[in-house]
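Here it is, the structure in full.
Per-chain numbering from 1; labels A, B, C and D assigned in written order.
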Amino acid sequence: MEYGFVDFIISTGANLYHDMHYALAMVMHRGDFRLDDTKLQQEGVIRIYDILFADKVLLDTDAFVRECLNSLPNRPIATSELHHHLGTQLLKAGVKPAYSVLAQAAAWNLPIYTSSPGDSSIGMNVARHALDGNLLTLDPLADVNETTAIVHHATRNGVIILGGGSPKNFYLQTQPQLWEVLGIHKGGHDYFLQITADAPHWGGLSGATPSEAVSWGKIKPDQLRSTVVIYGDSTIALPLLTAYVVNKAQPRPRKELFAKLEELLKELKDAYMTGKEARP
Amino acid sequence: MEYGFVDFIISTGANLYHDMHYALAMVMHRGDFRLDDTKLQQEGVIRIYDILFADKVLLDTDAFVRECLNSLPNRPIATSELHHHLGTQLLKAGVKPAYSVLAQAAAWNLPIYTSSPGDSSIGMNVARHALDGNLLTLDPLADVNETTAIVHHATRNGVIILGGGSPKNFYLQTQPQLWEVLGIHKGGHDYFLQITADAPHWGGLSGATPSEAVSWGKIKPDQLRSTVVIYGDSTIALPLLTAYVVNKAQPRPRKELFAKLEELLKELKDAYMTGKEARP
Amino acid sequence: MEYGFVDFIISTGANLYHDMHYALAMVMHRGDFRLDDTKLQQEGVIRIYDILFADKVLLDTDAFVRECLNSLPNRPIATSELHHHLGTQLLKAGVKPAYSVLAQAAAWNLPIYTSSPGDSSIGMNVARHALDGNLLTLDPLADVNETTAIVHHATRNGVIILGGGSPKNFYLQTQPQLWEVLGIHKGGHDYFLQITADAPHWGGLSGATPSEAVSWGKIKPDQLRSTVVIYGDSTIALPLLTAYVVNKAQPRPRKELFAKLEELLKELKDAYMTGKEARP
Amino acid sequence: MEYGFVDFIISTGANLYHDMHYALAMVMHRGDFRLDDTKLQQEGVIRIYDILFADKVLLDTDAFVRECLNSLPNRPIATSELHHHLGTQLLKAGVKPAYSVLAQAAAWNLPIYTSSPGDSSIGMNVARHALDGNLLTLDPLADVNETTAIVHHATRNGVIILGGGSPKNFYLQTQPQLWEVLGIHKGGHDYFLQITADAPHWGGLSGATPSEAVSWGKIKPDQLRSTVVIYGDSTIALPLLTAYVVNKAQPRPRKELFAKLEELLKELKDAYMTGKEARP
């Protein structure tokens, strides 16, 4: 992000929720995936594979999230706005904002989206906020339009996919959103690099090949030969790639897209309206 | 669904979008995952693993979805409401509603949720609807509260998970939503049966064991020994299980939860408010 | 085997060793893969995934194997001869020979090979037999020539592969053995059905596609479209396939290849010698 | 090998066969696993995942192997003797012996075994040699006794496993060979590091956990916590580990075990005979 190699991020909510523990300097431990979970549960310890922490970490992070929600508007907002707000509050309150993706993204005006806004402790706390009578909600359609507007504006598009899942399609679908739904032809993404342990043969989207994406107009056919799938663990492959890029490539000017979203949305809307009028 | 063995469904949007092709009697073909995708793209053929269809299938389904949106209210709604409306329209318009999950669910008042409402051609068309100036949007927090209300009301809870991904957690999180976020203790789910080809060792949620879910209070510890993970393909395992259940078990009265959501939400809200007042 | 659908088998040694427990009516238990192995080891319990048995089962089966070795010749033999001998002894001594692959194969003169004769408790006991001063050993090259002779004699060849590993290649290599090494052209196998959970993208032989085998002359190119890979667990897929075949197909006359090996080897040798003389 | 970090190797035959192409400076190409195999076969090109070479590479390597066989004795030999002989010939004849595992192992008296001696083009050519009337064969039981003798002699034992398959068990079984078959108690291996993409849940040996090996007495129970499984691709993980070790650790004196096999075998035999006499 700092060197301008990342323009925007689509993440699961869980990755962003647990990112806040770092910014708030909460205590987490490296454990072992073979521990006795019944004993852990009795002792109030939460396990994510081999990471352990007290359930108080959840309760305190929840309290921080809910405190932040009070200064957000009482209407549907994009998740980019929610995440920017959380990041800004972490920059203010956080003891260690340098360790947080949310905080750094806010510092550099880099928008972060989630494709499943209700699916994580962030969403769970906004849901409680709603039970309290507030009208704040998250608008997944605003996210679809913002990500499509970013892709529409760019001259070349591409993605690094860590894993797969819902965020993978949420990025790739911006191309069919242009040609299939909005009637604006663009022709597909230019770059595609996925790090995954999933495989095509189970038939799911996470393991689907870049080739399959070509048939959907998600990837440009003439770019297919340069698409790359790294089969392995992101926690091994990404640090290697990042170290390489940071050492070999010149930093690029940061795009600060969060500050330009309104403008990009207007461009997209205009292109859509122009095409709509032109059609019989 | 017909025999009362399914109370509600959490699905990806894509499964529900492509379900509509069946209800609308559109033509789909069984092909081969080894076909040349560049050639397919040139000929306007879309591929999902080994399923093929003309891109017109997408465009016509999109038109059907957008037509349906016009009779929905101009405000945030739960995805259960969207899916019930689509199912109802498929029952009216559909040539083959018996082949459609959405249509059958609407017929039996069975609510269907998606954890990632913007991630699919359904969401993409609602996003275009928004660009057209409508205020209809999908409210993921309403979905969190509705699913939690259903789980809160029940005496015993459990799930059959096909694959994993975002829908897996969206169901499981209803328990931490009760104890962690709303302060209502419930103790975890009673049943857990997952059919997956994913594995715990990659560290992701799709492959995470029921045991890990115990540490989160998502599964009751004393039920852990009876949790089951079937490693394999849902398209092989689910028909076997379904044939077994339909032949061996007596049908149960259908719960028709879609008609009772308001009542269940009220129960949840009351329990939350009561607990809130009781705390210091 | 009984219905003539199996002509010969290539197995790991471990599958054949543990098969003997059934014929000898030893006690085995279904357990759980999550048991504490340190405790099991202290209590003399052996675990294979979720199967448990006392270490006495190993010691008694070992004693049975070594007793059988005494009536075998004092020279190198093919593993088909070893396995036929073990099967014959199980038929005589075994309490439940109907539950044993080795015993049934012996009854029907069906040859069984292993591609890794030293790798299992069978091989380990033959190795002890050698330490005792005997000259009996297993001759993997005799196995190569016998399996190649069987394939050479047949008009159409094919295989059902459960899993992958060394036995997969040991069958497939009979075709390159003909054209690449012996100079007898045959053109590849006609059928290929693999049940596996492994995947091509790791680059190993177990997960390699039938297509890759075409480049090696292991599979006939014009048969490629009808090759099948079932991604899943053999313990689920094989019973389904077997039930289907036994119910739908007419039994075939059993080939009793074990009684014809000498004749087939002579045919192979003649074809090899004829070709050798013809070459410059 | 050069720095004394490797004492002996258990490999598939295929890895050793294709290793010879490098020593003989044959031409191999990096291609793509998505190439058309029917076309490759027509043009005489062999594919191993993304590696391509002319079928002449096979024929020339076969001729080299067969030439080497002529100077081997006319009786059963261990695969360590075959591989040492091939390596020695590569050192003499090879244009690039520094690129060959077989050649370097021969130079440093490091024994190499294969658990499946008939399963590869090396075995296939020895099988042709047998059809020509020679009595040379490979003795898998000699390999069992040699590897067991090496483990028996050592004070601490351990292994780095790349992948899994038959070589994995061939190493691990040396411990049950001691206690279960030969009646010499040793207590299990001390180290276990496996790099694999396979998983425990399919129930196979390749993916089996170090924990399962404890129940078999293959791994010492008190060493279990320090066993490591790296889930990923050996071609990524092994170079990282190797670079680390070569840079951080002092070289160790090479053991040159190939020159000491007779002595170690005598030790094993003595221990076995002593124990045998001691038992009732």
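Keep in mind that, in the parts below, a residue touches a chain if its C-beta (ideal position, glycine included) is under 8 Å from a C-beta of that chain, and two chains touch if they have at least 3 such contacts.
In this text, all values refer to a predicted model and were calculated from it rather than measured experimentally.
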* Intersection of contact partners for chain C and chain D -> A, B
* **Most distant chain from chain A by Cα centroid** => C
* Report the inter-chain centroid distance for chain B and chain C in whole angstrom, where each centroid is the mean of the CA atoms. => 45
* Gap in Å, rounded to a whole number, between the CA centres of chain C and chain A -> 50
* Per-residue multi-chain contacts in chain C, two or more chains -> 197, 200-202, 211, 231, 233
* Asked: Does the chain-touch network form a line, ring, star, complete graph or other?
  -> complete
* Residues on chain B engaged by chain A in the complex (per definition of touch) -> 12, 14, 33, 37-38, 40-42, 45-50, 55, 58-59, 62, 76, 115-121, 123-131, 137-145, 148, 163, 165-166, 169-170, 173, 176-177, 180-182, 197-198, 200-206, 208, 211-212, 214-217, 221, 224, 233, 235, 268-269, 272
* Structure fact -> Residue positions on chain C within touch of chain B in the complex are 34, 197, 211, 231-233, 236-237
* Once bound in the complex, which stretches of chain D touch chain B? -> 199-202, 229, 231
